[in-house]
Amino acid sequence: MQGGASLSTALGVDYGALAPLFIILGVACVSVLVEAFVPLAQRARVQLVLTLAAIAVALVVVIVRATSGVPATIVLAGSLSVDSVSLFLWGTLLALAIPSVLMIADRSVEAGGAFVADPEALAEAQERAGARTPVTVGAGGAGGSGSDGAGRAGSSRGSATPPPEMHTEVFPFVLFALGGMLAFCAANDLLTMFVALEVLSLPLYLLCGLARRRRVLSQESAVKYFLLGAFASAFFLYGVALLYGYAGSVRLSDIAAAAAGSLRSDSLLYGGLALLVVGLMFKASVGPFHTWTPDVYQGAPTPVTAFMAACTKVAAFGAILRVFFVAFGPTALEWRGVLWAVAIASMVIGTVLGLTQTDLKRMVAYSSVAHAGFLLIGCLAITPAGLSGTLFYLLAYGFTTIAILGLISLVRSGDGEANHLSAYAGLATRSPVVAAALSFCLLALAGVPLTSGFTAKFAVFSAGLGDGEAPLVIVGLVCSAIAAFFYLRVIVMMYFSPPAPDGPSVSLPGPLTTVSITLGVVVTLLLGVVPTAALDWAAAARFLG
Amino acid sequence: MNPLPPPNTPGYTQALLADDPLWLTIIKVVVVFALLLLMTLFMIWLERRVVGRMQQRPGPNWNGPFGLLQSLADGLKLAFKEDIRPTLADFPVFFIAPVISTIPAFVAFAVIPLGPEVSIFGHHTALQVADLPVGVLVAMACSSVGVYGIVLSGWASGSPYPLLGSLRSAAQVISYELALGLSIIGVVLYAGSLSTADIVAAQASGWYIWLLPVSFVVFAISMVGETNRAPFDLPEAESELVGGFHTEYSSLKFALFFLAEYVNMVTLSAVATTLFLGGWRAPWPLSLWAGANEGWFPIIWFISKMFVFLFVYIWLRGTLPRQRYDQFMRLGWKILIPVSLVWIVAVSALRVLRVQYGTVSAPVVLLIGFVVLVVAIVVAVLLPDRKPADEAPEEPTVVSDYPVPPLDLTVPPPPPRRRRSVPEAKETAAVGSGSPEKEDA
Amino acid sequence: MSALVLILVLLPLVGAAVCGVLVRGGGSPGGDAAAKAIGFVVSLVELVLVGVVWAMFVPSAPTRFQGEISVAWIPAFGTRFALGLDGIALAMIALLAVLVPIVIAYTAFTSAAEKFPDGRGAGGFVALMLALQGVLVALFAATDVFLFYVLFEVMLVPMYFIVGRFGGARRQYAAVKFFLYSFLGGLIMLGSVIGIYVASGTRLGQASFDWATLQHLAAQLPLSTQIPLFLGFFAAFAIKAPLVPLHTWLPDAGAEAPIGGGVILVGVLDKVGVFGFLRYCLPLFPLASQSLAPLVLVLSVIGVIYGALLAAMQTDMKRFVAYTSIAHFGFIGLGIFAFSQQALAGSALYMVNHGISTAMLFLVVGMLAARGGSSRIADYGGVGRIAPVLSGLFLVAGLTTLSLPGTNSFVSEFLVLLGAWPREPVYTVIATVGIIFAALYVLWVFQRTMTGPLRGEAVLGGGPGAASAVAFEPTDGGLRDMLEDDADARRRARFGDLSGREIGVLAPLVLLIFLLGFFPQPVLNVINPAVSATMSEVGVADPVGPNGVAR
Amino acid sequence: MQGPGTAGLTAYVPLLVMFVLAGGFALFSVTAAPFIGPRRYNRAKLDTYECGIEPSPQPLVGGGRVPVAYYLTAMMFILFDVEMVFLYPFVINIDALGLFGLVEVVLFIGTVAFAYAYVWRRGGLDWT
Amino acid sequence: MSPTNYLLLSAILFAIGTVGVLVRRNAIVVFMCIELMLNAVNLSLVTFARINGSLDGQVMAFFVMVVAAAEVVVGLSIIMSIFRTRRTASVDDANLLKY
């Protein structure tokens, strides 16, 4: 990482500390091989088992390490810092990854899976169908992966042949993204952070474009996400360069030290910080840098949306926390004002634009923007309370979002999901359980007490008020009051308005989706009623400078 | 500049050349340039003669002694042909493409060491235009910049054949550039430097062709692929693509492409000589005489070694039929690259072991395990491929939009033993005799 | 007793869960019926338990709260699940315990049970009602600010569904409006909750939500910090117990809610607001409440007049009821912020009485509307002739609403005015005008609907008979009597008087009205200690002597 | 990798000279060609060459659909090119890095080999 | 000449890239502008390495190159897929997703 000489000094790799990361990335490579060598029939099953096993093992390792009280270490020549914060974030990420992977793997909601058909499966399906029509080139998938199947699977859906299996490449993608997230929120120098950022982004870009239904929408979202994402990471990178020029090193602690005692001009420092923050904020879909969020949330396959909404936010805010606390803690007073504005902008934008949405996934997207603003309140309080509050908020928000998106994916009409608000009219009469779960999660997003959303908001706001951010907190409260309106609108639709005769059907979820949704709802409830354990764990988290 | 390090140590030549005055540099450049032009003319003549001899016919023997002036005459004739600009062509690019493909071919030769330290007009210098710390990379860079000229020419012609030809040549050049670069790595590993002069200096003890045979073979093969020469001359496969990327070119522009091709041949042969055949160092029996590596003699050794390669070029063209495109890509991607990867691992493993542990110890075994693993993976990859299903939907794309001849003529792949069967032997003759007409275009 | 308090909280919740399961699971009429029955039984048991608690409650006990429970809930925030009763809370719980079975009985068992929108059975209503009761009991008993806030928000959810699922035509609008107003207030209050939490953290070193702790803290807080915190709480409570500028949700909710829901909403739910004044604003921010008292008083008095005027102008009986209660809440606010023993006691008692009288009024109106199928005043006239019992009970309800001496409201209203006079004569006088208005609007409505000749769509039903009746109205005596008798006969057939069940539902309320009208003492005994404690916490001297004479 | 402070840019001057010379030569040739050669107008001559048949209407130049295999090849090339780029510095100071470096590089190559195996098995390298 | 000029140059390049991304409408061109930005960063990284007299900057430039390559691969595949679906690479034509 730091050139030849110091590489050899870094021979001693603390494998214990890095085990989760290695497990995830290693299994990702293995699952690529699985893609290569396991025959089509077993592939999906093998991949699912492999992925889940990897995540579970990694989670166990994290928990063991967190409970065994091993001292925090900085590993790999100072590029990764495995401290209690990293462990908490890792635990959160892995815990969130499990339901996401379950949803991704589910093939009961959307026959054959929510993703583009696998070329081989497609070929077999065509043979089964007797190759009636010459293949028309539909949407070319990533790298010529024959997502031509999309159109075909859609067209031949009516016929007897079952739709072909989905791309199982999504599993390695998810694993790589997950590994990138793990590295991202534990990165101790900006270069590692940048590389991790890309490692987590690139698979996501691809995943967004792989929806089986609404190919064009999905591909558009992928293109937008990619272009804007690359744009943002360029900013991030330029910020890194400036900071490197300022401090002569990209190590966070070195930057802090240089900023603390240096007579150099601060223009480099703050310019670098600004650009850096732009990149990070983009990833976290904060405030003015959110433009990609609604489109991508809407266009991407819903399981992927869930994965992004939950895990990416966790990773991004983990990195934001680390940068703010470790690298720029000393100089907080100079730059905090600007970020106040950003936080307010984020909350207001998310709330106001959320009011105007009629597509549920877009609504969730805007609410995530608003929530990013709330989270930022916690990040801006450079205090232990702020840290723990933000961490807890991430955990709570992730599970709620996954549950919501899982439920959204269940409401389907003839062509894929019916995300329009009107589709939810009278859902309560048709399937009371789904309606109840969904309204519970929405109330959680609104921050009604006895849900995790409230506990999290309370933690963050109290931290913010404790650090003298009264204006922010007030704006936050008002915004959440306004935001409650568009959550309620859905509930009104579901409960109070009569069901449309030709309304969408609620497909009975298979075991995988059911498990993930249940997980999300239960955690949302638990964190609302007895959050003590999680709060304590979060409160114990400290950075290792 | 910094004081001269002792001779035959890395960086010596750099320091030496750093003191060159400008006039000396210019002289060298002009000389090299002229040399390359002459080599081109001579090569065309030699090729036609040799191929003719291989085909039991005299070849050009009318203009000048042994027809030596034949290629000069061809060049002049080309100059007086009409310069056609197709209406559909994108003119600026069409205009600049030949230049782009010509320049790097010449520039690459600048890093080649032709000989040891000599004294020119009382000025001590090395027989080398420029010695750079990244000399080898410069050579490779030039060879890959050259492909831009080809791609742009094909694209700018606004015509299907050149487009496909240029695409092919781009694909082929980049594919074989990988093998090329990977094979060089072995040399760099042992020389410990990227400077050509240092590499030559490092071969004082022995040529790398003996030390790194695999690298040499890979390099030799991909050298041919890199220069679009038979049997890899698919970009200008007359039978499929008319003239390939220069279908629409005529007159001096065409001549420039031609020039570039032959200069590339010469340059790459020179690089090969430098990397594997000890550059200007005298071959074995002569090397016993100390004076062989002094003064101006080495140029002789160098050029003669270079001609070995050039002759092989011609020889291949005379003997081998043109490969089919899929066979060709398979050779590059499925054989050359994995082989050279494994080779690199093996070589560097041995190197590390020799440097660090005199003897074999436990970690060594583990290491061998790693290597074996990699090998095993590659072998596993070499399992008989399934019929890839995902290309099936693509084929209509190829033929879909506008009438181009299908890129890959779907010839049923012949079992390997029938390669050298009768009809293809005929094709050999056809190919061999195909080239002169191309010149007389 | 602590256990008993806990049971008071848990029992309705369990009942609600059971009923909910029954309704969800079956959706069948059987499940529905079972749910109704179980719900009714549960509410009766709850009532009995409350009676027991009332009996065990020792008014003269030295402690601020009785039957306290305190379990650590979220140590990270220092919140505890802490319950405890003082007199006011007990009174409110008792009121609730009385009203819930009545409401359930009315909704579930009377023939006039409302026809819920798109055939929803009453079982779900019962379940929601029980859940609401559980939450409310816990809310009144809470002695932990955080817990109070949580319940304050949670309380909205069942009410939201009651209004939204079982309400009238514009129920969605009303439900959402209700929820958003209260939720907004709650969030503003959350700001203050966090604020006082942080303040306690800085002042006491270790942040806490315990009511008593914060009450001790109140002494240290400077006015400058008290005022914003007070305003936060005040906003929430002022929305909840609608003081005038923030009242607009109440008429909608009250009008659109099902009758049973309306009873609980206006009768008990809104009391949470004034209860909050008494329990949180005053003791926790004494300085602020004193310095801001004029504001509240102005609002209250405006509420009295404004509510009265608008009530008089209403054309819809449910809205009319809602506006009357706005006027009454004005009185309560006046009593609370007059800072005198009597006024406070009066307000506390008023909370109970108003609950009873409003419930009465609502139910009667509901029964009337159930018959006529409309709640517009103009649709009725001369109902007294065909439904004497109904009109009689309507009169009783009206009289207690205008707090005629001898009815329960009179005592509390008198106490309020008496206590408020020495400190706030001006406001008291203005408020007294409200009483006259009250008499006006109540009697006017009664006169329009119950007395006089038969009129109105709902009564005449617009049938051919109606036309003839109108036609024959002004003709001479004998013939008219004959015709009218026969017409009356016809209409009695169409528009029956109260059934036995309905009378049974209303009877306990009537009983309470007169009982409390003549013997308010038992309730006052329970309330007074809490009131005096509050007075001492506010720290102002009582301007009225023990013998009720101004010093 | 050469640290800062090497021979600097002067070592590249000869390359520049060579560049200028070759470039001048080439440019001269291409510009001179039209003036030296004759010009006899003929529409067919200026048409796109399609074996003599009437050229069919063309799409935008270069806008034609390019077979996927070419993109794949390009991407694979980038992949391996980057790998190569990393191998050069490694072999330059392989002695300094020693066993650790070797292990790392084997892992590195192995990782790329995974992707390589995948592409191979999924027919990414087949042109038929 | 002084390293500051290189920094200026890289800043200018970066700005050009940014403007290009914001102004141009063709996905490929936007993409190239982004690459330009990345390479501008490379330039400044190397310059800073020269200024600080440490190799880290150059190493970082290496990493950036790798990342840029990966981005090229992924981005091209995505853009190509949508191009093959819609026969256009213009960002404006991708307007199914309304803001």
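Labels for the chains are A, B, C, D and E, by order of writing; each one numbers its residues from 1.
By our rule, contacts are C-beta pairs under 8 Å (C-beta built on N, C-alpha and C of every residue); 3 or more make two chains touch, one makes a residue touch a chain.
Just so we're on the same page, UniProt names per chain: A = NADH-quinone oxidoreductase subunit N; B = NADH-quinone oxidoreductase subunit H; C = NADH-quinone oxidoreductase subunit M; D = NADH-quinone oxidoreductase subunit A; E = NADH-quinone oxidoreductase subunit K.
As the structure is a computational prediction, the values presented were derived from the model and not from experiment.
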Per-chain Cα centre nearest the global Cα centre, belonging to chain: A
Chain whose Cα centroid lies at the greatest distance from that of chain C: B
Comparison of A-D and D-E (more C-beta pairs in contact): A-D
CA centroid of chain B to CA centroid of chain D, Å: 13
Distance from the mean Cα position of chain C to that of chain B, given in whole angstrom: 95
Centre-of-Cα separation between chain E and chain B, whole angstrom: 32
Computed distance of Cα centres, chain E from chain A, in Å: 25
Residue numbers of chain E (touch at least two other chains): 55, 70, 73, 77, 80, 84
Multi-chain contact residues (two or more partners), chain D: 65, 68-69, 71, 74-75, 81, 89, 98, 101, 114, 117, 120-122, 124
Shared-contact residues (touching 2 or more other chains) in chain A: 37, 119, 137, 140, 143-144
Parts of chain A lying in touch with chain D, wherever the complex brings them together: 4-5, 7-8, 11, 29, 32-33, 35-37, 119, 140, 143-144
Chain A-facing residues of chain C, complex: 24, 73-77, 118, 149-151, 153-154, 156-157, 161, 164-165, 171-172, 175-176, 179-180, 183-184, 187-188, 190-191, 194-195, 197-198, 201
Chain D residues touching chain E - in the complex, by the definition given at the top: 1, 3-4, 65, 68, 71, 74-75, 78-79, 81-82, 85-86, 89
Chain E residues touching chain A - in the complex, by the definition given at the top: 7, 10, 14, 17, 21, 27, 30-31, 34, 37-38, 40-41, 44-45, 47-48, 51-52, 54-57, 59-60, 63-64, 67, 70-71, 73-75, 77-86, 91, 94, 96-97, 99
Contacting residues of chain D [partner chain A, same complex]: 68-69, 71-72, 75, 89, 93, 96-98, 100-101, 104, 111, 114-115, 117-118, 120-122, 124
